[in-house]
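Below are two complexes that have subunit A in common, paired first with subunit B and then with subunit C.
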Partner chain A sequence: MSRPPLTALLWLPLLILPFYVDMFWLQAGLFVMAAAIGAIGLNLLTGSTGQLSMGHAFFLAVGAYGYVYFAGETSGHVTGLGLPAPVAAVLAVALSGLAGWAFSPIAGRVSGVYLAIASLALIFLGQHVLFNLESVTGGYNGRAVPPMKLFGFAFDDSSELIVAGVPFGGLERLWYLGIALLLAAMLFARGVLGARPGRAMNLVRDQRIAAAALGVPVGKVRAKAFTLSSMYAGLAGVLLALTFQRAVPDYFGMLLALDYLAMIVIGGLGSVGGAVAGAAFVTLLPQLLARYSGDLPLVAAPGADGISPAVAARYLYGAAVVAVVLFLPTGLSGLLSGRLPGLRRSATPMKEESPQ
Partner chain B sequence: MSETPKSETPELVVEDVTVRFAGLVALDAVGFTVRPGTVHAVIGPNGAGKSTCFNVLSGVYRATSGSVRFGGRELTGLPPHRISELGIARTFQNLALSAALSVEDNLMLGRYRLTRAGIVASGLRLPRARREEARHLARVREIADFAGIAHRLKEPAGGLPYGDQKRVELARALCAEPRLLMLDEPVAGMNATERLEMAELIVAVRAGLGISIVLVEHDMGMVMRLADRVTVLDFGKRIADGTPGEVQEDPAVLRAYLGEEVS
Partner chain C sequence: MKVRTTFAIGLAALALTSCSSKAVSSQDGTGADGVKTGKGVTKDKITLGALTDLTGVYATLGKSITQAQQLYFEQLNAAGGVCGRKVDLLVRDHGYDVQKGVSAYSEVQPKVAGITQLIGSPVLGAVLPNLERDKLLVIPAAWPSSVLKEKYVQVVGSTYEIEVINGIDFLVRKKGLAKGAKVGHVYFEGEYGESALKGAKHAAAAAGLTIVEQRIKPTDTDMTSQVSALKAAGVKAIVLSAGPKQAASLAGVAAASGLDVPIVSNNPGFAPQLLGTAAGPALQKNFYLVNGLQASSSNVPGIKALVAAYGKKYPGQTIDNGVSFGYVSAKVFGEALKDACKAKDLTREGILAAHRTHAAFDSDGIAPKLDFSQVGKIGTLESFVQKPDAKAAGGLTTVEGPFTAEAAKTFTVG
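The block that comes next holds the complex of A and B.
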């Protein structure tokens, strides 16, 4: 935020990446973008408003399946509305927001770790519905995701498109859509955080009573932050579904909710850039381990005996969470912006109670 | 600080306010009236019920019985953010700033009730949100200047020296353009110089803005110098009410503060 030219430079390589890297990296990158959007949303709630949610994966599922249902056609045992893809995407995000808003009687009243437990129930509810509402979700085997189509331009492999000698398939096209969505999500979040609603969210987190005394309706602010964060999750779910090309219920379980918490802790609570960095770390780690498992000690190839890449990745970022909590309270974002914990501590010497 | 036109400051009338926590009576039928534009001090030994009284006035605690009226509006039963909308602002005994936010952002929080920009307008950076922000930022800078913290605006509030943080608290309350300002021990924990500066600031607020001030304070010298009227509490009961001179002579007050001679 403070160094816009530098940040802009960081985006440039991303724009030319599809011309140089293979499918694996494009898909990994798109997962990072989707996760980053979701993590920004969770960070608005947890990092900035101080409300812990374990239900983020539920809202991702609402977004993903909402899109599939709105855009999909009725065929065989699944039904769909067959709406144009962009409309379906917007509706899916709105549906996630609606689900988050419906949860606001709880999200507005309950705080901190109590909200975490209450929102955990959403995961179980979500899993139950996803597995059993087969006509919408396709049940255990999931459901194919209709491709995005914007103004007649399809984001899939159906039509041939060659740009500068590089064939542009579905992933290459989605790449730019992902970048645009992530950029928009970041700018919007920074706009919110830097202005009146963001300040109110911060004060609700730090000094609830003072916030109320200044005219901030604490419950409403919490409920709105929850709704906003679930809309981010919904958008992340849509992008995720488009990248996966298949929505499967297993994916949206508790581990995913924990992944998102790990992202914002590792990245830095309350920071938009931190959420993106944390999302990249947590999302890329298992994929890199899987790809290079043959060359790494202790990590077995997928399917072989031993520690699988996915498990190894969980150990590693579990360790990363512990390390961040102990040594780097501001997360990766603090590391990048030079606000090292040591410096920061000496700059904030007092937090003692005032003597009577 | 340039004076903003303010609607007439009404009287604050506290009547028979009782607060019970389970079996403990924290306030027992306490009443007093804060006249418009005066400094009204509420004093008493530790545990007398001063902070409870403040918390009732600002809606943090709910009175078990009794009434608090501000210009015809009944305050008991209103949530804190509604009370703030009536033009009542307060500071906290223990600092209640957002330590991570800059001083400027903390002061802008004082403008919360006077501004409108919501999530959509702020997220999309709509012109009207930006204009509102700029307009109120200008006023915040004026108030920071008045409170002597203008040079600290960009620093995180948590990094400021204690005395300056207390000033930010006061400035934040002023940013809400209150008609009634409640100060909960504004000089607690300060050294002599800081106390003097804070007292000067409070005098300046009163002279410059003409708002009513309710002051809870332990520093008797400061109370006697600043207050127009003093209410003395002891064990949740009002034991005296009058001008500083009157309460200083009051035998009940002397007993409460100095203890009773056993004869």
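The block that comes next holds the complex of A and C.
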């Protein structure tokens, strides 16, 4: 695959970032990477196949708790299988895929808003199970996430490691794992979209009857897209859990599912780069605004009367979302490919029109 | 050519990292005044953190706690501060969102010497593993027993279990609840409600009562079905471990359907604003709040001074439980800092060690005497019973207390 050098250059600063920025930024960056993987998955389903899913947060939870369960040890009131961490991560992704596949009889049959409503049920089901299956999830307060270990190298703070004078803790190490996973996830999605399955998915989205007439099994394509998207969500869940170091059921709710929809809409439906940009936008903006809004004019200090920074952050976030939807109908990916000629070729070969 | 470019970039990266501000350097040092300092402490300032909720479900509570803590540190600074340093409160609002809470923790952690307020059990659960690494003392705005064993978490007050045990004891002594009677327990799913249920079962076993369980979700705000189920079961009293909305609905619906029994509630089950609602009269008739803090209308010196100062700084604002709690928990930190200063050790370990020397912490009567000396032990077994009263400051008047039920002494956490 020959890729324009400019895109490769964009990744370079990311590689040296852990040497400079503090924990807040590393954590925010890792949240973005996890969200980006999840958003790419949802975009494969919603942007490229035209299937609207509200259940994405459920599959994130399956991935996160799957990993915790497979890798965790039995102690106190929680049980675990104590498998090696990489095996547990692979199994967790497979488990998410399995959950998605189990849901695919529905995902293959209904489409659009109907699927959105059907998959919404997963969120509520998931929340109920997460809160009550205490031996696996730890209940309301969640459960500690065992650190990732690859070939004897632990991605946590347990051992001391100093690289070029900078102490490398858990987040610094995870950073590179996150980048590797995100790159792999992006390349794989591009591969899928650029080849036969991608064309079948797009045709199912745009012309269902034409697809069927050409011999594309519409139901099967939808079901497969749903399964693949769930596996992406599972991987995102694993990375999220590793970043959080604790999996808390409360997190995997309705709001998270809506956030993911916002990411792909803002980023640009159907585009891999767009999903990444959208994930960065949706994940980073509220955090940045919350951190720096205290310095904005007309904003009161937290706890004082007047517009608090968090409220101001919400207004700004809302305004930004509206602005993107109004002025960038193709999302951030349209902006990127329009402005920067070097990136144009790397954008996925896809129609820019909206799926419905 | 390509190899050379890569090599050059690599070299440049190495050169850049050598001047990174993150490079290893010792954070702990000793100031000119001979006081050992750590993260969050400079030569003229001590910074403490507050991870609060000013925009989410606990916004009212978060605002009261934060303002009361700001009031305390303002008073402390006006009196000269600690160790010649001003104490500053760094407030971050997470809106009861776990991810924002965790990010806020990561941002605040390197800048503070301790955290005086942390709202949200899920957020606390998420940062718990980091506290050990960061050696950071945290006071949660919650009273679960599950964190008592954590060295770096200090629950200020008793726990939900103790409140319920004392509440049932009050029902038996003052409301004529006889052996064999049935008591309904309406509780939230999750840690709060389930801890309270443990307490209820313990107290019921001791007093020979039967508990009729009604588990609800925090999103359930209509208690009609719970009231009819409890009425059908023939309960003689109701224990509530939920929020103010559920309290209003429960009291209102029970009164309307003729279930005229006393209701005792854990401390999060009341807000003064409820008295202005249609449920106000029903609450004033049958509702009792079990609380670890004195009512704002009481005459103890600590409360009087606090109410006066708070009313002066934030005129027209409701004085609720959050104000007293915020003030006491800020004071817990303030006293720990003062003792750490005496020991000439303002590092995080020093502050924690100073905090653990307080075996009978006195808050001028706002809370009972609190014991912080032992990890894993409940700070106090005493509770107050209060009654809603629209005319009183803070909407509550004291009925009884502080007192300790016999059953509370035999209760073991675990």
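Methods note: the second predicted complex is superposed on the first by the 304 of 356 C-alpha atoms of A that agree within 3 Å, B and C clash if a C-alpha of one lies under 4 Å from a C-alpha of the other, contacts with A are read in each partner's own complex, and residues count from 1 in each chain.
The definition used in the following text is that a residue touches a chain if its C-beta (ideal position, glycine included) is under 8 Å from a C-beta of that chain, and two chains touch if they have at least 3 such contacts.
Computed from a prediction, not measured in an experiment: that's the story for all the values here.
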Which of subunit B and subunit C A:59 touches, first, second, both or neither: neither
Partner chain in contact with A:226 - subunit B first, subunit C second, else both or neither: neither
Which of subunit B and subunit C A:189 touches, first, second, both or neither: first
Which of subunit B and subunit C A:20 touches, first, second, both or neither: second
A:69 touches, of subunit B and subunit C: first, second, both or neither? neither
Partner chain in contact with A:281 - subunit B first, subunit C second, else both or neither: neither
Which of subunit B and subunit C A:200 touches, first, second, both or neither: first
Touched partner set for A:245, first subunit B, second subunit C, both or neither: second
Intersection of the subunit A residues that touch subunit B with those that touch subunit C: none
In the complex, subunit C residues that touch subunit A: 9, 13-14, 16-18, 20-24, 52, 54-55, 63, 66-67, 70, 91-95, 97-100, 102-104, 106-107, 109-110, 121-122, 124-130, 133, 146, 189-191, 194
Subunit B residues within the subunit A interface of the complex: 46, 58-60, 79-81, 83-85, 89-90, 92-101, 105, 108-110, 112-113, 115-119, 122-125, 129, 133, 156, 158-159, 162, 172, 176, 185, 188-189, 218
List of subunit A residues in touch with subunit B within their complex: 188-189, 191-192, 194-200, 202-203, 205-207, 209-218, 224, 228, 270, 347-348, 350-351, 353-356
Residues on subunit A engaged by subunit C in the complex (per definition of touch): 12, 15-16, 19-24, 27-28, 31, 131-132, 139-142, 144, 157, 162, 164-167, 244-246, 248-251, 255, 286-287, 290-291, 301-303, 308-311, 314
